[in-house]
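Listed below are the structures to be examined.
Next come two complexes built around chain A: one with chain B, the other with chain C.
Showing the complex of A and B:
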């Protein structure tokens, strides 16, 4: 009984005999795997949890609110959330472990100045509260988040990123030092590791208490404002609980208003929904996955048909060989598994090549291919773990099955006598 | 010759199943992708209704009262907006600047800062936007009138306290853009319970937010003259006033802009107002278009992937086939077929495969169209055009790939020496 080793040796020999066929099938496999890998890597980078967004699966987002006329339901405004609304409906949520409110001005960077005015840099500022440091899991290089006391009394303290610390002070050990943000003096209380742009909710250059900021205006009886709200689900509660509780609180809040009412439409959204649906559409996750599935299937099917054709032409030549082996007592299954195994070698070589290619593609064409997802930041390898390798292996198996089962089955269907005759 | 190609294909029908199936799948996908690309191209090509070339957004900051840098001298605290208008005048006077304009917080092309408005009348209700702008807005963004004249008339209209509506509004209510001129229209502004009647002084060209969105219903009204604005404190500068400059084309070069920014940083530090940034409008355009362009790139990558696979498949199939048929080819050549005839025969066989899958692919495509899964667009594109263009694009690129895939094996086959080929037999 021939060992797997001998199969591999034999298929290696076959590969060398049929160079063009081998080249075509390896190229085809590599390309397919590369395509799928690029998607998988991007999907993981966009949806999987990594620091500081370590709890992505349990984080829910409310980023806008519709203000309606109480009497006629007319649309009055579509804005960010107002602080009274948040304090009344979001902060007290029982089914949430932590609730944080943030203000982010994505369009305008602010000026950071060293106290002597010599070093200046523009930075993205995030105004937030103390719960933010609970929802997100930052790596502090020095110092700490601003404290509750600081937050409550609106003291000017700031957490800054390593990059900012270096450009303003030339070093990271800057806790206690002062700098100016928009001409106001802030004391640095902590320095954190730079955050990947993929973490688009936690990301910023500088984090300050919103009580120290200037965004405290509200309107429409407190519904509207410039805040977004992120909620971390409490253990033992599910999304339904959160949504129900939130809606109940909003109803209570609305009851106390005179002319208007708040409507959060289909929110809160999960991280996955937010990524798939963009900012304000209600896209069903199932539909998006179905779409992904169809795309992945086509990406695998087309090269599989190709490779199938090549293997078919190639096994046809070997039909006498198979027939001979069958005549000597090899079962059909054995021969089928031989063909499958032989092909697996090709698929694995192709898969490995595709895997390497996918990283090259992301490195070289990242800027061109998907600027949104990659941002200015290059992809970091830490986001891609063992799961990706497993995914590649499974994909290889799938491709192998798709492409080799049909020719293998055909190869063994031939009548022995007929095959030997030819 | 065609008959012999068909016969050949029939003889190899079993071996052709896989390549036919592949062509069918790829053809259907290409039709879908070609349609998508066609629709996106058409959307992109429609006029925007404004011109952002050489236009920059000037970001002004206001030193907060709590800052040590806050200037408390009376003149600046009471008449802060005077400083703003001094800044506007200084920019205007600079030799590198062509013109200056400003809008309120509710209008900024590419950025979705909105105030909604509902248009009424004639039993029609249209949802759109109200845009409070200084008349100079039309000059900076070179907005034309509905009949293609330059901005002067639009600017005049706002100065005379009429409103300017976009062509989309005039068309919906009065049948044609120019008919809207001089009419009255009822509008409810966002937040108000009642509607107000406005006098339409002029109609501007149709406008939309960005390259892939549809035309908006919107109207422009005067933000208020300088005296009106001076009633407010300078706080309104942060978020409620957007200042834009159009540079002279000769001055709009990166190094020159850097110098301009530096000069302005000094010149525009006035009272408690400071210059925080000068950002080209193209920056906002890129930010907003990113995801749409990303999607288009993904489609292009997908199309390339499929085409490359077809190439591999065709090379593979025809390489083996040409080899198997060496004796046959040799015989043909021996009885007088020229090299080019052999070459054309092989290419023809490949294209015949494509011809066979064309009908089923079109059927699949028609079904997709029926199911409404084709690219949705707000633009008025004829379905026939979409079908014809996407078919041509898909068919021609596929045909090109097939020919490219066969050329190599066919050349090899045609280069055969008949005597040698027959010797094999």
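Showing the complex of A and C:
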């Protein structure tokens, strides 16, 4: 449309000529966008793929197992997974690219000590296997993950975060150096960039082979234990394949047991389902999105109605202008497009302001907004990605439509001759 | 050029019915400069609005440049007005948030396949024609009434329409400015051969045109 420039130019002049109305309209838009953007940013930080959880869409989780009586289905225990159960049912999965087992005791921090005993910090330790480094995509600052040979031999090697490396050694170049974890000596084999707590499955301060750890006990014929299992789907397979194969393997496993059986209930869960509260029950992602959509719509509708009133008053003043444009060849549709386009400029300015305000809100109210399952996280650049901008733009368009369609329609309903003299 | 047949316009509200035009039959020839006169409320402006396809008659037909307009939809009417008609209003109807150049360019915005450069060049050319090329960056509020009306005339002729409809074009101007505007309209009629229909209360100005028709209470009396 060759007249877009002309509309934008005129719209800008109108904004300057009607400063109060423009200011109210922009502020209303900004606050509405800000409110929703806080949710959108937190949603994206919790669900979008970013390092090291780069494959969130293809990662599935089994974090607990129910041990029940074979005869009566009576619940005996609800625990983490035992290693024998994982080795038999999870590690051999053909529809998974990689399967990793982890033990994380998030409530109990461990003590890290430099060899000379001068520097000591508390840290979260994650015990895992070599597949963990395949499922998650860490940035290594120095060194490498522990090797398969190290893992199988149960050698005391550790990957530590940059922050830990600096705290204990004062530098990140610490590969080959030793430190004490719970008073046992470990050799550092790799240093990784610090991980955001929003990547709660991969996050830790220190990663060690579980063969070197203390969580290898299991109970109930190997079903229960301390492990969680994360599976990266193989290309060409889908969730159904994974679930079917897993259930088949569990059936085979259960067949070999005499009195009890393992039941993973509705698992495995996708990352999104897990984040939406699918720890204990089946989750309908569609329903959650619908609920979120309805809330977002209501949050947008309230300011949209107010802004609509401002735009209505504004367009009413301009009815002779629209009539003149129609006299000179503009169709009704064209006039409506003009009003929508002009209003879009206001909503985009408001959207940009709202976008900035939402980050300020997150920065200022981080102590209750930026809480993850692992504690408070700081605002980071990982939370500014293309999806956030797309979300802002879509919200602006929606607000624009909600607030300007009626005034635009109203502006073109009058007879041209009447409108010219109104 | 314009043929109005058995034209009638009735305004209806819940309580009353007002007949604005009654059985009007009028033909305007190509190249003619027609004046329409009559007292206030006699239906002159209504007639001009119907001729300009800005309003619809209650009954009767409007034929412009050989085209029957009754069956046209919004899109066709808009395109037809854009190509065939130019308007000059008593109160100028310039857009205050646009400068002179942008105001004049307006009809070409709605014409397909006209580039921004072509619009600009055409606007400058018509502004030179009405003697306002030195004011093209000004806004309407910075111009005198006479200058505003000259801008409106420039806007009316930029699309090269065959017909110009002027509704009391000098009604808001003093005699000197009014004379300037009339001079431009005469030039457009005589030199460019445009058909002009003008509603006016000014008998002297009407006498300078090629024909006068008088209206009274919605009827053509002469």
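The rule is simple: the second predicted complex is superposed on the first by the 390 of 422 C-alpha atoms of A that agree within 3 Å, B and C clash if a C-alpha of one lies under 4 Å from a C-alpha of the other, contacts with A are read in each partner's own complex, and residues count from 1 in each chain.
In this text, a residue touches a chain if its C-beta (ideal position, glycine included) is under 8 Å from a C-beta of that chain, and two chains touch if they have at least 3 such contacts.
Please read these numbers as outputs of a predicted model, since none were measured by experiment.
Peer 1: Let me test your reading of the model: by the given contact rule, A:153 touches which partner, first (chain B), second (chain C), both or neither?
Peer 2: So A:153 meets neither chain B nor chain C here.
Peer 1: Is A:309 in contact with chain B, with chain C, with both, or with neither (first, second, both, neither)?
Peer 2: A:309 sits against chain B, while chain C stays out of touch.
Peer 1: Touching A:173, do we find chain B (first), chain C (second), both, or neither?
Peer 2: Touch partners of A:173: none, neither chain B nor chain C.
Peer 1: For A:244, is the partner it touches chain B (first), chain C (second), both, or none of the two (neither)?
Peer 2: neither
Peer 1: Could you look at A:10 and tell me whether it touches chain B, chain C, both or neither (first, second, both, neither)?
Peer 2: Only chain C; A:10 stays clear of chain B.
Peer 1: For the overlaid complexes, name the partner, chain B or chain C, with more touching residues on chain A.
Peer 2: Between chain B and chain C, the winner on chain A residue contacts is B.
Peer 1: Now for A:326: first (chain B), second (chain C), both, or neither, which partner does it touch?
Peer 2: The second partner, chain C, only.
Peer 1: Under the contact rule defined above, give the chain A residues that sit at the interface with chain B and also at the interface with chain C.
Peer 2: Overlap of chain B and chain C footprints on chain A: empty.
Peer 1: Hey, which residues of chain C end up touching chain A in the complex?
Peer 2: 45-46, 49, 52, 54-56, 74-75, 78-79, 81-83, 87, 89, 93, 95-98, 102, 105-107, 109-111, 114-116, 119, 155, 159
Peer 1: Within the complex, which stretch of chain B touches chain A?
Peer 2: Within the complex, chain B touches chain A at residues 15, 18-19, 21-22, 25-26, 29, 59, 61, 63-64, 66-70, 111, 114, 116, 190-191, 193, 238, 274, 276-277, 284, 290-291, 293-294, 297-298, 301-302, 305-306, 308-309, 312-313, 315-317, 319-320.
Peer 1: Considering only the defined contacts, which chain A positions touch chain C in the complex?
Peer 2: Where chain A meets chain C, its residues are 2-3, 5-6, 9-10, 13-14, 17, 320-321, 323-334, 415-418, 420.
Peer 1: Quick check: in the complex, which residue numbers of chain A touch chain B?
Peer 2: So the residues of chain A in touch with chain B come to 20-21, 24, 27-28, 31-32, 35, 69, 72, 74-78, 107-111, 122, 182-185, 214, 278, 295, 298-299, 301-303, 305-306, 308-310, 312-313, 368-373.
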